[in-house]
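After this come two complexes, each holding subunit A, first together with subunit B and then together with subunit C.
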Partner chain A sequence: MIATMRYEFHMQLRSRAMWVVYALVFTVYVAVDRSFFTLYLGRGVEGEPKTAMLALGTMVGALMPVAYGCMVADRLVRDTRLGVAGVLDTTPTGQGSRLIGKYLGVCAATAAPIALVFFGRAIVFAVAEGEPTALGWASTTFLLTITPGLIFIGALTLTGPLLISPMIFRVLFVVYWFWGNLIYPAMMPTISGSIFDATGGYMEFGLLSPERDPNVIPYGPYPGAALNFLRPVASPTVAFLWLGTMLALAVAVLALARLHLARKAT
Partner chain B sequence: MRIELTDLTKTYKGNVHALRGLNLDIPTGMYGLLGSNGAGKTTLMRILVGLIKPTSGTVRIGGHDIASGEGKLAVQRTLGYLPQNLGVYPDLTARRFLDYIALLKGLDSRTERRRRINELLEVVALTEEADRKLKGFSGGMVQRVGIAQALLTDPRLLVVDEPTTGLDPEERIRFRNLLSQLAGDRTVLLSTHIVDDVAQTCRSLAVLAKGRLVFHGDVGALVSRAAHQVWTVTTSGPAPTWGRVVSALPEGTGVRYRVIAASPPDPTARPTDPGLEDGYLALMESDRLTHPV
Partner chain C sequence: MKPLALWSHELRRAGPAALLAAPILATLTSLFAVFSTELGTRDGVTEWFLLGAVEMGIPLVAGMAAASLLGQDRALELQLTFPRRYRGTVLRRLTVAFGAVAGSSLICSAVLLAAGWRNLSPDYPASLTGQLTWLAPTLWLAALGLFAAAVLRSTAGATTVVAFVWGLQQLTTAILQENHVTRLLYLFDTTRGTVPEDWLWNRFTLLATALPLLAVAWYLLGDTEWVKGGGSE
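Now for the complex of A and B:
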């Protein structure tokens, strides 16, 4: 598992395509939302590192995961496409270990550009404001609001192309990302804003920033939205429930993929 | 390492019979597996290395039943496999690729791994290219990397599936010689549809046709299947119509035909000594008559 993790990490990190795709997504994003360049990142609370880092988390976690998912999507099936799978599958290292190793290595490497953008901006903030605590809030925000979603969508996008071609899967994934995570819930039936939303809103409003006025930015049941039973009012307990949901979904998806691979061998 | 196949059957979805009740005993040494495309060779190889499971029947390798998890693992620890159309990670160097496979094969000691990889790069004559990315390698070089990865753990069983397909003549000869040298006290199972590869490397072989075992024994026995059936006819007229023309070589103003036929295909036909290819073709011809579908 360690060997696979290490090699997959390095191979993905050296992939030029990954860096190009991230650069394009980032360029489009900052062209549309200029607040990335303002010191308080659009939330207008001067010198308040926690709010600024949470705002940064929301920004980075909105679109960068689209590139993340798309770049993870071909990494499992490419072993078969390249013709390496035949050799790998006859080694004594089990398929399950390799799947986990690949998952960890690929996801870590693909998340690296997101971390680079996030922490790079956090460092600029900390230096400009003379607020080293911003780095602490940056780490907490990244770990608790962005990482759980990446853990889930990493599992989903790594294994999804076992069922359909990576290209079609990528299109479906982009549609899923906007429909299931970014769309306003009252617009149409969606899991956006629900416990299955991967953008980390429950962690932000339930645990890290519970003092936020729920009338300004509500997090919980949306007036007029369908599926509101999936949108409990944000609280620390619900924040951890969301975290558990993301991890459980990732484990379930990987377990199903393992079963699928084992069945294919018959 | 002895391989015993008993009533081995593989049926794919759609009732496609890839293997039909195979019984075969493969001894230690170099062993050829011949058959036309679609004969079931690759299916058999993939079962032997544990990539797919048979529909029924048993496979015992070195005494291990590969249907059990422990048996499969025990075999995979002593196995080297070069699949048909081996692929590589294009952005890894040959050395890094081998290092990765070595780790997966359980060569945990870095020193030991490094030593073994250097040794094998030498064996397959790739030392100079070891630190070049694999995307720049020719087909023959990739095949050599393939054989190196198959040998990493000094396997007792080496399974090579159509290894010379796509290689130029020089690479083919080099590859065949390498396989022969490796045989020694190993079992090397060479699957191919190129008769010459078996003729140049194996003493024993099996022939598959449409999933059935139609021959197993030594090379001489297969050659003798064509005894008194191989003729040469030199003519400037049309090709002989009786029998099967194996080759046609321009000679002077005419053409010299090599023909397999039970009786002389032409009054001027002269008998000649059969080769392995003649034996194989005679066998396939008689099999077609006895099993037309």
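Now for the complex of A and C:
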């Protein structure tokens, strides 16, 4: 498992296409949304490193996972396409360890450019503002709001193409990302803003930044939205519930994929 | 092989994914539109579903399909030695995929007109000129997909570019609509545009900017060395 992980990690990290695509999409992203170049990203109280880092997390976490998911999507089915899956099956390494190793390696490598951008920007902020605490908040934000979503999305996109063609899967994934994470919950029935939302809203407003303007409704139930029972009012408990949900979903998806692979092998 | 045989081969080679994705998407959206009020969708949104599928969903399918066209040929080296140029094969494959998408878009547009849902956007032309609603973004994203696939020589990379551009335009509508130039390059001008007078210009700009993308892809795909250098991804 460790060997698979290391191999997959290095293979993806050395993929020139991955870096070029990330550089390209990120350049386009900040060229359009230029709030990236303002220290506080147009949000929050000036002089508050925590708010600035959370705003950065929201911006990076809103769209970069689309690139991440599309890039992870072909990694598992690639073995079959290249005809090496059968060869790998004959090695002593079990199918399960290979799956987990591949999952960890690919996800870590594909998330690396996102982390690079995030922490690079955090360092710029820390130096410009003379606020070393920003780096602590940056690590907390990345670990608690962005990473859990990436853990789940990685499992989903790695194994999804086992069932349908990668092209269709990517289309569905992009549509899912918007429907399930970004649209206003009142627009149509959606899991956006709910406990199944892969962006870290619950972590941000439940645990890291619970003090909100009293005039603003608390993060959670959305007026006039369907499925509001999936949107409890944000609190530290709910934040950890969300974290648990993301991890559980990732484990469930990987377990189902393992069963699917085992069935296919027989 | 006779031209007809080549076309029928590409039709079979395109596979069910590329051919059926757009029709299935259109059918599902129509079904969702019919039942969405019962499911709890806000009033007034339902009618936009099908128009949204025509202008947003179908172009996404076309772009992703175009981005996935290269890199699936098993004996590419052999193909590159044939008297029939590889780029011709790719163009035939693109046409087949585009045909499936265009067919579903036309049917959807007809349904929209028949159901009177098109009247929701009275500022925009509906019938013949209205077909630019799907034609412009579909062709543009397909051109972008093929261009990215030809330049990057990586399906994962090319599909990511298409997905990201599509997603970015969805997410930053307000910013893109502020500026005249970015407004002309905005893909979803019928459903989310703010300046109806610019609509026709927007559609023509999209069609016009799709051409250089296709031209670069055409040029690169004619270069055997370049195509071969991409590896199998």
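Descriptive notes on the structure:
Keep this in mind: the second predicted complex is superposed on the first by the 260 of 266 C-alpha atoms of A that agree within 3 Å, B and C clash if a C-alpha of one lies under 4 Å from a C-alpha of the other, contacts with A are read in each partner's own complex, and residues count from 1 in each chain.
Here is the rule we use: contacts are C-beta pairs under 8 Å (C-beta built on N, C-alpha and C of every residue); 3 or more make two chains touch, one makes a residue touch a chain.
Since the model is a prediction, treat every value here as computed from it, not as a measurement.
When the shared chain is aligned, subunit B comes close enough to touch A:T93, but subunit C does not. In the superposition on chain A, A:S165 contacts subunit C only, with no contact to subunit B. Touch criterion met: A:V32 reaches subunit C, while subunit B stays clear of it.
Contacts of A:A3 after superposition: subunit B is touched, whereas subunit C is not reached. Looking at the shared chain after the overlay, A:M11 reaches subunit B, while subunit C stays out of its contact range. When the two complexes are superposed, the chain touching more residues of subunit A, out of subunit B and subunit C, is C. Shared-chain residue A:L82: touches subunit B and subunit C both.
In the three-chain superposition model, subunit A touches both subunit B and subunit C at residues 15, 81-82. By the touch rule above, subunit B contacts subunit A in their complex via residues 46, 49-53, 73, 76-77, 79, 81, 83, 85-92, 96, 100-101, 103-106, 146, 149.
Remark: subunit C residues 15, 17-18, 21, 25, 36, 39-42, 45, 57, 60-61, 64-65, 68, 152-157, 159-161, 163-168, 170-172, 175-176, 182, 232-233 touch subunit A in the complex. Against subunit C, in their complex, subunit A makes its touches with residues 15, 17-18, 20-21, 24-25, 28-29, 32-33, 62-63, 66-67, 70-71, 73-74, 78, 81-82, 164-168, 170-171, 173-175, 177-178, 182, 186-189, 224-227. Put simply, subunit A touches subunit B in their complex at residues 3-4, 7, 11, 14-15, 81-84, 86-93, 98, 265-266.
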